[in-house]
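Some structures are shown below for you to check.
Here come two complexes built around chain A, the first alongside chain B, the second alongside chain C.
Take a look at the complex of A and B:
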């Protein structure tokens, strides 16, 4: 842990940006790379789904609660993973406030790489421009205080949405060259939407690319994605936070070589083993368990997981993934509280 | 006791040697394949290589040569999928490889199912399966259904985005003794609990044994929500269904 006594007090934004570079911080930042939207927060600020996913003012209002109500050091306005896919033409099930919007992957829009044509209105479509406008609103209102984190989906995730998970995964085995052509065509979406969010005012971008530990191997990550993720770090000039769910220790070494600022890691990976693998080449963000801890247990269990991460030297603390919409505010507020308490205890011991 | 050398097919012998580590599973798998005639071993080997065209040809060949449909299923297809399940559980292979093997199994089952159906083979029991409300992922559920059907269960597939009412209606309509719920997302997992609560509220909970599964689901989460069982993968799902249908 850096010697925080020698670091002057920081704003949330300064704290997050320093931690993403593994520079000294006044305390470990609390970061939300995915979503902390809950039904309770939607009711509190009258910003329910689906409007909070489609209308920029409503999206910004709900996102701001991550800072104003929960006390996180980041604000993340992109609650779902479907905004770009909607702009590409995928059919979306928008749902209501108690459920997440989802792409209807049983109705794929592409079969082959030749089908992929990036629409001219990619960045002006309602569901992408909504994100850009929400970032502008948040930057103006909170930009000096906290880090505004946007989100641009990686080509592997986009391929699930556009071709269907099962056909795409079978293709990855049957025809690797064709699979690479698909990824290569879809990467333009990742880059263009990412760069547009920088221009809108984002301080960092989460880049989910679901080559998850439960679906594909670490060797798959190396074969299909490592080089492309390295390229994203050049093409999208802002700290990138790669998000991949599941047990991922078999690919963390590859991920650490990409130049990504951070890896948002899942609770299926132990903090200590993960830190041993990445060896300070990339910051780690996470990994408070969602279903068993944040959703099902109480503040004491949340506190224990926060402490476990801090003891291991994890650089930014936050939930492992987008949280269930019925998660209690008490448990979410416990994350920043536990971080402050841990630092107070460790400072007083030193 | 059967020995590895009793198995004629080299691919099967190599798979057992390289990928199966638990002594009881080694013994069981060797026992199955030592009884299997060479053509069944070839079907299993083709399935393990994900070669659906070869499985299709060999299954048809076996039936043409007079091999019983049940024998092709048990000693070719299911035996092969048994090794696939172990390799998946131990992270030797991942979902793309499992999907390729499942595609091969489907190619074989396309020849077997009409024969078994016409013969009126007694079902192991009926299972209602679905992915929970708000979740459109179904690879895991579909693998479970394929293995359940291959193991002799009748399955009513409710598809994805299944509401509590749809689960309850299906269980009542089919008088299903077992129901399975799947979720891939941590954000939709709580809908498993909501569905179980709906069964309690409707006074239907005692009528059905409920099993749950999906990548982020754990035994602890299943227990917290009041499920009767949790299966980590498709093989575990079959074992669980067998035990729950007797409960």
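Take a look at the complex of A and C:
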């Protein structure tokens, strides 16, 4: 870990951007590449789901609480994973305040690569333009203080949404060439939406691509996605934070070679083993457990996981994935508090 | 800089109050000078929220036999014990009531059990003990009495003093008639209560597309 005593005090934005480049920081940043929205925060700023996923002012208002109330160094307004899929024409179950919108994947919109036509209104559709406008609002209001992180979904996730999980996975087994054609067509969505968010003012982008540890092997990642993810780093000129859920140590070496700025990693991977694999070729963000720790336990358990990550030298600390909407504020506020305390303790020891 | 409050540990949450503008209402626990104190809170700024919170608070005093502490914003059990599980149940039941119907009535220490086809009572025996009883002793009734005993133990964190006598007790050693009456309504079908709790808590967790049903 760099000696933070020699680093002048930084804003949250400076801290995050430095950590994404593995440069010295005054303290480890607290970063949420995915949502930290909760139902209580929705009440606090009168920004409930589903409006907070569809109206830019409401989206920005809820997202800002990650900084103003929780004390994170980032603001990430794209709570859901369905904005682009909605713009592509997928049917969406918008749900209520207490639940996430989902794509109705049992009603796929494509069957083959030939069906894929990226609509002309991809970036002006309500659910994509909402994100762009929210980023503009946040950049204007908080852009000097914290890093504004956007989100653009990867082609593997989009394929699940547009073709259905089972048909797409079966296709990946039976017809690799066709699978690659589909991914190749869908990557335009990832790039176009990503670039539009840069233009709107994003400082970095989360790129979730759900080649998750439970269904997709490391070998699959290497075969289908590594090259494409490398290409994204050229095509989307901004720090990218790849997000893949689950146990992913079998692909972290491949991921570390893509040029992504960071990998947002899951609590199914130990901080120490993950750091050993990536070898400072990519920053790691995470990996405070959601269901067992943030949702079900108390601040002391949260603190222990934060310390475990910091002890291992993890570059940015945050929840492993979008937190459950019922997570307590007490636990979320403990993350930045624990990071500050860890640094104070380690400075005083040195 | 923030406007969230340090209210102690949040121990229960109603994400959507269907009786008042879908606000979120939470129950917090903090340590008071004489033991645990509980606070009903909502971060909603909607007009009338304070009134709704006061209604829930008042309903908890009636339904759970809780008492107000200090400025009346927090509640405790008269015995000073935590009774965590029971307290959460009192809060959840209070949130199910509509403010417009006025303050609720305390529940009696007897409930009609459809499966036994008869009334089942919790008879106070002093010192926090209750004997679960019915006006009949056929096999089905005895089985139902055991079920109700088990339900009260689960919902109220009570202990089973005597299985044979169907005697249960609060470990604090104090009587809690209102609370026992409230729990008695749910005790015959405790599985449904647990299922409802699990369904509520499982909502709001984002799962990867590959894990969605």
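Here is the rule we go by: the second predicted complex is superposed on the first by the 350 of 350 C-alpha atoms of A that agree within 3 Å, B and C clash if a C-alpha of one lies under 4 Å from a C-alpha of the other, contacts with A are read in each partner's own complex, and residues count from 1 in each chain.
What we mean here is this: contacts are C-beta pairs under 8 Å (C-beta built on N, C-alpha and C of every residue); 3 or more make two chains touch, one makes a residue touch a chain.
All figures in this text were calculated on a predicted structure; none of them were measured in a lab.
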item	value
Clash or fit (per the criteria above) of chain B with chain C on chain A	clash
Touched partner set for A:86, first chain B, second chain C, both or neither	neither
Partner chain(s) touched by A:97 [first = chain B, second = chain C, both, neither]	second
Touching partner for A:325 - first (chain B), second (chain C), both, neither	both
First, second, both or neither for A:71, with chain B first and chain C second	second
Partner chain(s) touched by A:48 [first = chain B, second = chain C, both, neither]	second
Contacts of A:333 with chain B and chain C, given as first, second, both or neither	second
Partner chain(s) touched by A:40 [first = chain B, second = chain C, both, neither]	second
First, second, both or neither for A:226, with chain B first and chain C second	neither
Between chain B and chain C, more extensive residue contact with chain A	C
First (chain B), second (chain C), both or neither touched by A:298	second
Selected from 149-157, 185-193 or 239-247: the stretch of chain B that, after superposition, runs into chain C	185-193
Residues of chain A contacting chain B in one complex and chain C in the other	99-100, 102-103, 105, 165, 169, 212, 214-216, 245-246, 290-291, 295, 321-322, 324-326
Complex contact set, residues of chain A against chain B	93, 95, 99-100, 102-106, 165-166, 169-170, 172-174, 212, 214-217, 220, 245-246, 250, 290-292, 295-296, 320-326
Of all residues in chain C, those that touch chain A in their complex	1-4, 6, 9-10, 13, 15-16, 22-24, 26, 42-46, 201, 203-206, 208-212
Of chain B, residues touching chain A in the complex	50, 91, 94-97, 99-100, 103, 133-139, 142, 160-161, 185-190, 215-218, 220-221, 224
Complex contacts: residues of chain A adjacent to chain C	34-35, 39-44, 46, 48, 65, 68-71, 80-81, 96-100, 102-103, 105, 157, 160-161, 165, 169, 210, 212, 214-216, 245-246, 290-291, 295, 298, 321-322, 324-326, 328-330, 333
